[in-house]
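Dropping the structures in below, format is structure tokens.
Two complexes are shown next, each including chain A; its partner changes from chain B in the first to chain C in the second.
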Partner chain A sequence: MPHSETVNEALETSVRQILRATLGLGQRPLTAATPLLGSLPELDSMAVISVITALEDHFGITVSDDDIHARHFATVGSLVDFIHAITRPDR
Partner chain B sequence: MPISTTGRIRNSIAELGWRDAVWHALARLLQRVPGKRCALHRYQFVAQGVAPGSLCGGRGKSIVVAPCLGMETLPPASQRPPRPPATLTARFRQGARCLLASAPPTSQTLLAGWLWMVHGACQEDEVRARYVLPSLQSSWDLDVWVHPELRGGLVFARLWEEANTLLHEQGVRWSCSRISRFNRTSMAAHARLGTLDLGTATFLRCGHWQWMLASLPPYLHLSRRADSFPSFIFDTSGLPHIPSLELTCRILKQ
Partner chain C sequence: MTRSSTSLLPFFLPASGGQRYCLLHLPAPESGQKRPPRGGIVYLHPFAEELNKSRRVAALQARAFADAGYSVLQIDLHGCGDSSGDFADARWAIWRNDVHLACAWLQQRVSGPLTLWGLRLGALLALDIARHPPVPLARLLLWQPELSGRRSMDQFLRLRLAARMLADNGQKEAPGHARAQLAAGQNIEVAGYTLAPELVHAIDDIDAARLAPTAPAPAVPVYWLEYSASTATLPAPAARLVQQWRSEGAQLHIAAFDDGAFWSSAEIMECPQLLQATRQLCGDWLTEPGSVPHGR
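Right after this comes the complex of A and B.
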């Protein structure tokens, strides 16, 4: 398996864990296609701040205010892509 | 794929519970009455603690929030949510103030959101009802709106943070409001913010007639004139004080 795929899977697993812990989702199934904002009642604009803070703490990143946008919270996959773009070494 | 009627009913019961699902089904049926002559509204009254502190943790400072005290300082109709001018004028006439959130310069939208507050008493826009706040330590908030393109961002948190600061400086410790029991997202969001439930009321309007059934005084009311409405008294003087807004944030993380 290519290294980048392993990294992506690990990142997706971490993002799913953070979503579960921050939003109290328990063992609810979360896949890359799972819709978030507007579909997950636990995720409102206030909870978005909690998720962003938890992601920053976990990955040691800084998310700028301008980047906190609904499009990144459309699905689990879009959130993973967003975090991946920030954590990418060549960024 | 379109959802079947049975599926819709099942979803509605799962989301709202069977009691509110039945009311919601009736509300949807009444929406079909020609001329919008009939409507059913079911409200949950809540109190939200007002306390010092930051809700955004220093985020969102590029979103400027400023007070607006009259129609002349509201953005033009093309930029604001569709509210009848008479409704907005009536709000200002009863002493309401509006907080306007301006989007960052990078955004395409000018008005990012607004939030209205009124002290003492509030005349409801949607049905004939009056909410009375006898305690000087309470306020009423209404019509919290965020531009659809900016929902999920920091606008709501910045609006509430500024409202909270302003109200706390004025000695307000509880902000009361009503939310639709059919809006599960809003109900859940308020519950996560640690709001206290103050009661429920159901309004059925047909033409000039209005029937009201509530879990708090005056419990029942029937009217058919504009100047006849139930008054609900929300006295928050007996409620405990919330020590800080950070407590709300901790509740959010639980």
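Right after this comes the complex of A and C.
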């Protein structure tokens, strides 16, 4: 899914904050294009689960096992798109 | 704080199926003068790999408690850490029994009030124990408590999916496969740990919001530290339980810390904010009588 212009900025900010806090990234720059899986050494399997849990708590969503998939964790942008798709009211 | 006059005593406690590795942190006698004991604290560690990741911070806090005059007993539960048994042999009932043993052992040796302190699933275990405590408890100290056993197990089982996603070796696991194996009575392996269905199903049944039908909220004062920017921004499940417990009349003290998720972090962390927040939140029992309280 291409990174959509319609993605709400607040959502992207929240996702970036959750990534920063959960992975302990400090002030390292994170943009939509920042690669995640395979690029961030902090992102091991326990960290992936922590990120998902933090996203679930923050957005009040449930991520299904099917969605623990590399396509959603490729970049910051793909993760934002994924959360956007889950939280969209018309889903 | 560089006082290193507190002493550390590793030993094995005999228990069912072998022995449990224990670490006892003892307070230092003050300037040669023996001061009265202030009480005992039993620490309950978190689940599986989180035990290893959190050892450093737990040790720092245990030392801080010993500096304040408390004796702290850290016990590795059955099948965990350096205790007897494989993880596959671990059962919730055995862990409960281990906690009973640890509390009784400490109370025989240290007078004063007894505190149960738990991290993550260890905090949920402390809450479960507090329903029918083996000895009178003065209070619970909960660090980032798991609130739903079922959710904590679901998250742990997800590690298999996450590991496969990271390995990207093409092997895919059907969603729900781990749960199906457990339901069929089979052990499963997750992140190098073999889990028995009896353990997972027992943990599934523990929910902090439904501790007991008659007295849902804990009967002893609860000191709760949650990872969050502030107590105004608690994760929704924590905020709900805080509200529920308060409406049920629980004596609840809560504070936030923002160091990071040290129990799951890839890096071993120290958590100065957590230690500081714990010291402040627990000031009513931690601050030495006669000393100048900090920031209160």
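Definition applied: the second predicted complex is superposed on the first by the 84 of 91 C-alpha atoms of A that agree within 3 Å, B and C clash if a C-alpha of one lies under 4 Å from a C-alpha of the other, contacts with A are read in each partner's own complex, and residues count from 1 in each chain.
Criterion: contacts are C-beta pairs under 8 Å (C-beta built on N, C-alpha and C of every residue); 3 or more make two chains touch, one makes a residue touch a chain.
What you see is a predicted model, and the numbers here were worked out from it, not measured in a lab.
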{"item": "First, second, both or neither for A:83, with chain B first and chain C second", "value": "neither"}
{"item": "Chain B versus chain C as contact partner of A:19, first or second or both or neither", "value": "neither"}
{"item": "First, second, both or neither for A:47, with chain B first and chain C second", "value": "both"}
{"item": "Touched partner set for A:73, first chain B, second chain C, both or neither", "value": "both"}
{"item": "Partner chain in contact with A:60 - chain B first, chain C second, else both or neither", "value": "second"}
{"item": "Greater residue coverage of chain A in the superposed arrangement, chain B or chain C", "value": "C"}
{"item": "Partner chain in contact with A:37 - chain B first, chain C second, else both or neither", "value": "both"}
{"item": "Contact residues of chain A, present in both the chain B and the chain C interface", "value": "22, 24, 37-38, 41-42, 44-50, 53, 65-66, 68-70, 73"}
{"item": "Complex interface listing, chain A residues touching chain B", "value": "22, 24, 37-38, 41-42, 44-50, 53, 65-66, 68-70, 73"}
{"item": "Residues of chain A defined as touching chain C within the complex", "value": "21-24, 37-38, 41-50, 52-54, 57-58, 60, 64-66, 68-70, 73"}
{"item": "Touching residues (chain side chain B, partner chain A) in the complex", "value": "55-57, 59-63, 104, 106, 146, 149-157, 184-185, 188-189, 192-193, 249, 252-254"}
{"item": "Chain C - residues contacting chain A, complex", "value": "49, 53, 155-156, 158-159, 161-163, 165-166, 168, 175-176, 191, 235-237, 258, 260-261, 264-267, 269"}
